[in-house]
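Dropping a structure here in structure tokens format, bear with me for questions.
Naming follows writing order (A, B and C), and every chain is counted from residue 1.
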Amino acid sequence: MPYISKRASVGSGTKFESECAIYGESVIGERCFIGSFCTIGHPRRASLLEHKGKPLSNLDEISGGSRIGNDVVLRSHSVVYELATLEDGVETGHFVLIREETKVGKRTRVGSYSVLDGKVSVGSQVSIQSGVYLPPGSVVEDEVFLGPFVTVTNDLYPPSPVVTGVKVERGAVIGARAILLAGVTVGREAVVAAGAVVTRDVEPESFVMGVPARKVGDRRSYEEKKKRFLQNELR
Amino acid sequence: MPYISKRASVGSGTKFESECAIYGESVIGERCFIGSFCTIGHPRRASLLEHKGKPLSNLDEISGGSRIGNDVVLRSHSVVYELATLEDGVETGHFVLIREETKVGKRTRVGSYSVLDGKVSVGSQVSIQSGVYLPPGSVVEDEVFLGPFVTVTNDLYPPSPVVTGVKVERGAVIGARAILLAGVTVGREAVVAAGAVVTRDVEPESFVMGVPARKVGDRRSYEEKKKRFLQNELR
Amino acid sequence: MPYISKRASVGSGTKFESECAIYGESVIGERCFIGSFCTIGHPRRASLLEHKGKPLSNLDEISGGSRIGNDVVLRSHSVVYELATLEDGVETGHFVLIREETKVGKRTRVGSYSVLDGKVSVGSQVSIQSGVYLPPGSVVEDEVFLGPFVTVTNDLYPPSPVVTGVKVERGAVIGARAILLAGVTVGREAVVAAGAVVTRDVEPESFVMGVPARKVGDRRSYEEKKKRFLQNELR
């Protein structure tokens, strides 16, 4: 049985797989699917710690709620914090963590075990594969592809209190297990190869690889090779 | 209390830790242990999306079920999709995700947080450590060892619709956090060092390391060093 | 509703978010917060396998219990094994796994998806970010910082039965996604850059980077650069 806050609203046609919790003034749209063992509207750290040890029947009372659009799929064992917004058609895998003040744009997919660790901005129609880590301050524009287990950082001199965010511009492709270090911008339509460690800005439409990542080509030649490969494979 | 589909069958001596869900025509063998907050027979993506927004009491109705052998241990917070098969004696950690049309052979162990992301074939007596990622098309033969956080890929030109699977042949050893890029074959009894990035085929019984991985020795010398080390440590 | 063993004790002011399980002779201190879908006192592997298939009402009967101090926060979907000790003020993220015979010191934070995989010793005021892996035999001293997705190994010749632990000495800083190979010691106050692969001991107060990691500076110059950077950013 789902626990749904009296302050929350749930649109028509939305289904809950089984047990889950919707806290605070969460607004959930129509025709959503919410998997088992999910929490929506989890209080952020400061709020939870402030109330720890005080009389408190449950987290519902201190939650500001999340905003979940229409036609959203949130698979099992996922946690969405208060003040997060998932726009229409967002789809997640299992074991996903989306923390406070994060926005995920329309029809974006967030793979299993991925973490949007608070104050993250993700555009629309972005494809985030499994196990991706986006720390606070990360900006991912529309139609970006983030391969499995991409790690983004935000601290140039850890541990420090200054967030130096990474920006991945529209249409860029980041290969599996690449690392994007704090402060870099990956330009529009650029391609970063699997396993690369990106330590400086990547020019738009360039293709980089290696540790540290160096330019080895451009998007046009990448797409030409891809086209030949696909023609060969699919014929 | 576990939810068990009326269409499912559960063998004698099988225990459920507490809450979990068994969907569809799942067949669970004898003497299994199923941890808390697990789902068995979760519908695959196409099926879930097709039914979203339609009248549907729960996922049970649309699940084709999983096949779980005898003496299987599935620890808590794990999800097994429909049309997956776990043979006798398979043992998983916690937070494991095994998606549709995946086969896991006898007495294989799948570590916590590992993902078999659909259409994966894993042999018997394989040791998969924590956090390993195997995408669709991956083939892992018998008695392979996959160290913690090994990542396998399957897309040569991401994002593309063509799956180019990796094959890890019998008895190979893949060190922690190695990456195996789409299409490579790691030969029988080969050893890949921790942190290596494998960009081309690895010969049987060879030992490779580095980024990109290069041959630096063979299995025989690896085993000789290992033997001397163990004799020294265990004496 | 939490399941709390009759053998367990729970201090005053401790709150349970909703469903969870406290097994065996667990002792939980005062003013703790235990999130949904957590298990405390999970039996270790040998114990679970020994009892599989035998009459057993639940895991409670075979659990030796965990020790949880005062003011501990354990967020949702986390699992703590029997014979683990979390001292006062420990705080975890979500999806955390802390296995048997592990000690976590006072006010240490363990990020979401991190694994302390049994027989791990972590000091006080340590900061463990998300997705960190510490295998058996790992020793992390006080005030260490482990960045996101740091992987530590413990097997020089996998797969072998000999544990060769890593030691991270007091005040060291390990950058995101670094790998520390079995047997290395990272000296007091040393800094390891993000993405580095540490294959040999790191001198105290040195700064290393790269694959394999090489010394490129020292802690003093790192702190001087950091200070200038922060002065610039925060002014």
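To be clear about the criterion, a residue touches a chain if its C-beta (ideal position, glycine included) is under 8 Å from a C-beta of that chain, and two chains touch if they have at least 3 such contacts.
To keep track of the chains, here are their UniProt names: A, B, C = N-acetyltransferase.
Just so you know, these numbers come straight off a predicted model, no measurement behind them.
A.B. asks: How big is the rotation relating subunit A to subunit B when the fit is done on Cα atoms? Please round to the nearest 5 degrees.
C.D. replies: 120
A.B. asks: Shared numbers divided by all numbers used: is that above or below half for subunit B and subunit C, i.e. same or different?
C.D. replies: Because under half of the interface numbers appear in both copies, subunit C and subunit B meet with different residues.
A.B. asks: Once you find the CA centre of subunit B and the CA centre of subunit C, what distance in Å lies between them?
C.D. replies: Roughly 24 Å, centre to centre.
A.B. asks: Two-or-more-chain contact residues of subunit B, please, as numbers and ranges.
C.D. replies: 19, 37, 77, 95, 113, 131, 211
A.B. asks: Would you tell me which residues of subunit C are touching subunit B in their complex?
C.D. replies: Subunit C residues touching subunit B: 3, 19, 21, 37, 39, 42, 48-49, 52-53, 56, 58-59, 77, 79, 95, 97, 113, 115, 117, 131, 133, 135, 151, 153, 155-162, 179, 181, 197, 211.
A.B. asks: Quick check: in the complex, which residue numbers of subunit B touch subunit C?
C.D. replies: Contact set of subunit B toward subunit C: 13, 15, 17-19, 30-31, 33, 36-37, 71, 73, 76-77, 93-95, 112-113, 127, 130-131, 145, 147-149, 173, 175-177, 194-195, 210-211, 222, 225-226, 229-230, 233-234.
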